[in-house]
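Labels run A, B, C and D following the written order; every chain starts at residue 1.
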């Protein structure tokens, strides 16, 4: 309950600091008999990895994950899976100067006050580097969901600053470094990034994640609704400040007659609800948006205080993404996969014997 | 883990259907020695109660809560507190006609498919009536937080349809049936409600909840961040489709230089973060917004299917709010109180001995 | 996590004090579609009920349980089930004199020190009266396990004082007030009870619980082993001081060659292990023993202190069983049922697709 | 909830197979600011380690533990601590022959049936090798409890076969390879071991663990009692078949007048209860006994079946302890430490503000 775990039946527990010895996690509850290799995890880790394009931080870490347990002769055994990524690029000297300062917009101040001390190297535990293990764990869930149920979970950059990116082509998403689904926005995104880099500034982003082929019935009434658990999982990603399911905040000025998704013998006529009704998946596409704040690690000087409470001005040096939202795409996919996997198992535990003649599409 | 509980150390578990015998909950983990009476809970229950104004459903239920255990001689004993509200206004006949239909925009379809059957009377477990117990449980947390730490949790209607309501006056909030903090918007709200009632339609809303005087340090890194747990708790309220912390989705087109909250020896210069940094409370005001969809219970005919999969047209009769967002104000306060209470206890468990010389404001 | 819940997927949370308004519990995770009435629960409640024979306390409480939710038209809906028993026989005056004393062997002292105050009426929350809700909840599990899997859970008094009772006849167990399976021991038990009553003293007991037809595969490796969870559940019963699985403490002076249960194509040759190997059910009969201490509520004067720390001599008046172990039989059955139900659901969640050609018996 | 975790607030999650790449665990919830080095963990690991005497298995594994996170500049940071032990002595060839057999008395059969497959090398996850991580995690708890509260947790071998070992001298315990507290029994134990080795057989054992200086008030009423959680933790150790608190099964033929622990202004007059009343620590010494079965890994041939269900006779070759109970001493201490640590934190969360004038000793 100390906060480093997520999921009930498919349970992921992580450890590791940005500049510590290693990152790791334990994935508990994986069904037995699933083929699994390190390569299955490496693909998404590479998508998240820094240093893969000139748009993301130039820290170069191979992020090679090792499976330490729970897989025997290439197949999961049903026991807990230990995963490990050794930290290889630990330039601690980059961060020495922030030892006694609290970077504005960062967790430095709150960690210091909560714990009375902090690992200041690269943000320690509060660094987004921690999300590597989420991606690795999520890849296991993704594989199971895809293989056993044909569930596909995909994300894309839907907005950066004022540039909104419509979902025009899923294939395009993996072909550009922005995870942008509209080839016509690439130039504008590229220009914005260059401008930000010159200005030493950063920008926010919106990311959309969708899941196709999710069966009806996932999610538990009242508190552990599927949407509530998705909100938890997505809001737990570094820099996320908002979560929407389906139409999200657009519902505020909608009428009931516009917003309800009518049903016909052929299926639902719309999907304003984002695939979730009463906290339970409806069989439609699950759709979620997240808002990611612009990173506060910028080279424009900012005011802060040091540990003694004195005013200081600081700039954040080091290697940072001007838009952390970009790399959030595989992370958001991973979080959605973990939540769906967990609820699939929870639903199976309780409703395994349920039969229904009512149509599902 | 079947979903009817929230919180780890301050744990609320609820039961009850809209038209069943009674609603109830168990509040576990309440510290001993806290004065507590039924009147402490009744105040917020009355704020949530239907039938209190002409703007909300005319179901009249006294919603009288009884404390069945855990309080002795007017003081909490530290053992689990059982709460009960008997259902007195159960006009089942109102709902008989929807027995075999799936109201669009409701949980009817998903419950039927998940469980193979459902209590169709008034939505059964999926009814917002369930939130009465959240409000009762939240009132215990609110009282403790207020009394022991001076933490104050308050909400208001910040938007209905196109009418946005600025926070002009906290006192005003409790003096009108909309929980609207701006007296100048009351007329417009009133007019909109009348128009909707005439049209048999409904409207969405945005509600804002804030907590003052929250100490720095609440929230656990990584998954059980304070913002993630707030997102979970708030998204679990019926009809909520979006959650924002601080500036929320407005960060998408903000620059890092605008968005970071600078720090001076006198305190933070702004609060874009909504009082949470790295998932941990910063000592600033905690701010969250939620988007509530327009209820689908309207009298404009809509298409749906029956259990046999045949197309039918239906209207939802009965007594329904044209804007369910209004009554969500005390519910959202309750959910924030439960989350803060839980994290206060979690923080105390682990960080009880932490001392810090760093300034807090 | 405040301790009033047990089970993960089949989760029981209780409230209520010995002399409070009511006892209640919430049973969460019950599969939908199971026929359930109050009569299903009442049978075991009656077996546990005080006042049913001259051998148990003469408090007369009908212990009528009401189902408040989660059942619709006679069938479980899959939502949380609220159960309630009103306390009708609350003679508080009986207990007023112990308000400022700590009865030796009771929880008075530890509750006072933990919470700073206590409900002294009849032991408050620490009273065995709380176990009524365990029995009610367990009856739901028992019914499901019996109906869906043919699993039968039964207990008996295996020893009282020096009188050991062999399992000679299951039918006999329900035909005498001792739950004794050997008709030849009834006279000796009766004599012992009369002697104790005359002496104002009490006696310990051993109770055995067994489960038949449990499928192979229940239990999770490492910490949540089936035997570990049974030990937790059984040790949580009031007055229990020891738990054994299978041969229990008799293994201490056994050799490996005697103790291992050999396997043949027709099945296991013995069951020293009590049906659990490596924490997982083997398909054999599950066998557990518990040791129950003699109640400390006796009329022989004993030394203790009052709240001021002064020495006092006291006797415990009131209506008490000379052997609380007797009534523990249905409670132990209930706890075993809850654990098996929970693990059945956990196993289904993870290992639902497992097929095996290896023989099972 | 897949079973590889223990504790709520002080939470230990483990992974690793006997002959896999590595064993590891994550310890979550450790308070910040505690000095901690690998040497602190290594001491107990060495006490548990095989190959340290001729009485235990001759597998030689250095069991060197590495701290991968959660400690910065020699002090805990409050974030999750990752621990790792690489497996260096993996002679898989030893175990190839049992690939298709189910060793009687082992978890081979139940793992195969539960998961449909198993890592047969040395028992895989079911091997007692897994307990190394319990010992490492427990050492963190032990250190905290000792340093902050002066709580001391110690165990000893109290019986092996028919040889019972009285607690004569705590110092003696660490000076002989049996953890025997009575120097006069060493010869008999030595002789028994030699006899068993010659016979290719094994023997059961009883281990006693005690905790001194535990404050009054730890343990939660009803289900998460301190004794119930100890029973869970201790029963989860490989080969344990029984758990007693205080007098344990000896209470069965005790009278209430003998068994209750009377109280005087100077303290309790006896400790039959083993330091726990109503599930809550009384401030007295906590005492628990466990029964460990004789290992089934013996060289006396035994009957079993293979995966095809055919009868086979087998002997278990390899390097095995004739009495696995010996090495259980540090494991039992670790489990008690984990439980006490967890309950100390739980109690602090809820009852932090409780003051009491009632004497404690």
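One rule holds in what follows: a contact is a pair of C-beta atoms (placed from the backbone, for glycine too) under 8 Å apart; a residue touches a chain by one contact, two chains touch by 3 or more.
Please read these numbers as outputs of a predicted model, since none were measured by experiment.
Path length between subunit A and subunit C in the chain contact graph, taken as the least number of steps between touching chains: 1.
Of all chains, the one whose Cα centroid sits at the greatest distance from that of subunit A is C. Centre to centre, using the average C-alpha position, subunit B and subunit D are separated by 45 Å. Subunit A and subunit B, compared by their mean Cα positions, are separated by 26 Å.
Centre to centre, using the average C-alpha position, subunit A and subunit D are separated by 38 Å. With touch defined as above, residues shared between interfaces to two or more other chains in subunit D number as follows: 1-5, 8-9, 14, 29-30, 32-33, 78-80, 114-116, 125, 221-222, 346, 350-351, 354.
Every residue of subunit A that touches subunit C in the complex is listed here, in rising order: 1, 8-9, 29-33, 78-80, 148, 221-222, 345-346, 348-354.
Residues 1-6, 8-9, 14, 102, 104-107, 109-116, 125-126, 130, 159-162, 196, 201-206, 216-217, 219-225, 227-236, 238, 240-265, 269, 272-274, 277-283, 291-298, 300, 302-305, 307, 309-311, 346-347, 350-351, 354-360 of subunit C touch subunit D in their complex.
Contacts from subunit B toward subunit C in the complex involve residues 1-5, 8-11, 13-17, 20-26, 28-30, 32-33, 66-70, 72, 75, 77-82, 84, 114-119, 124-125.
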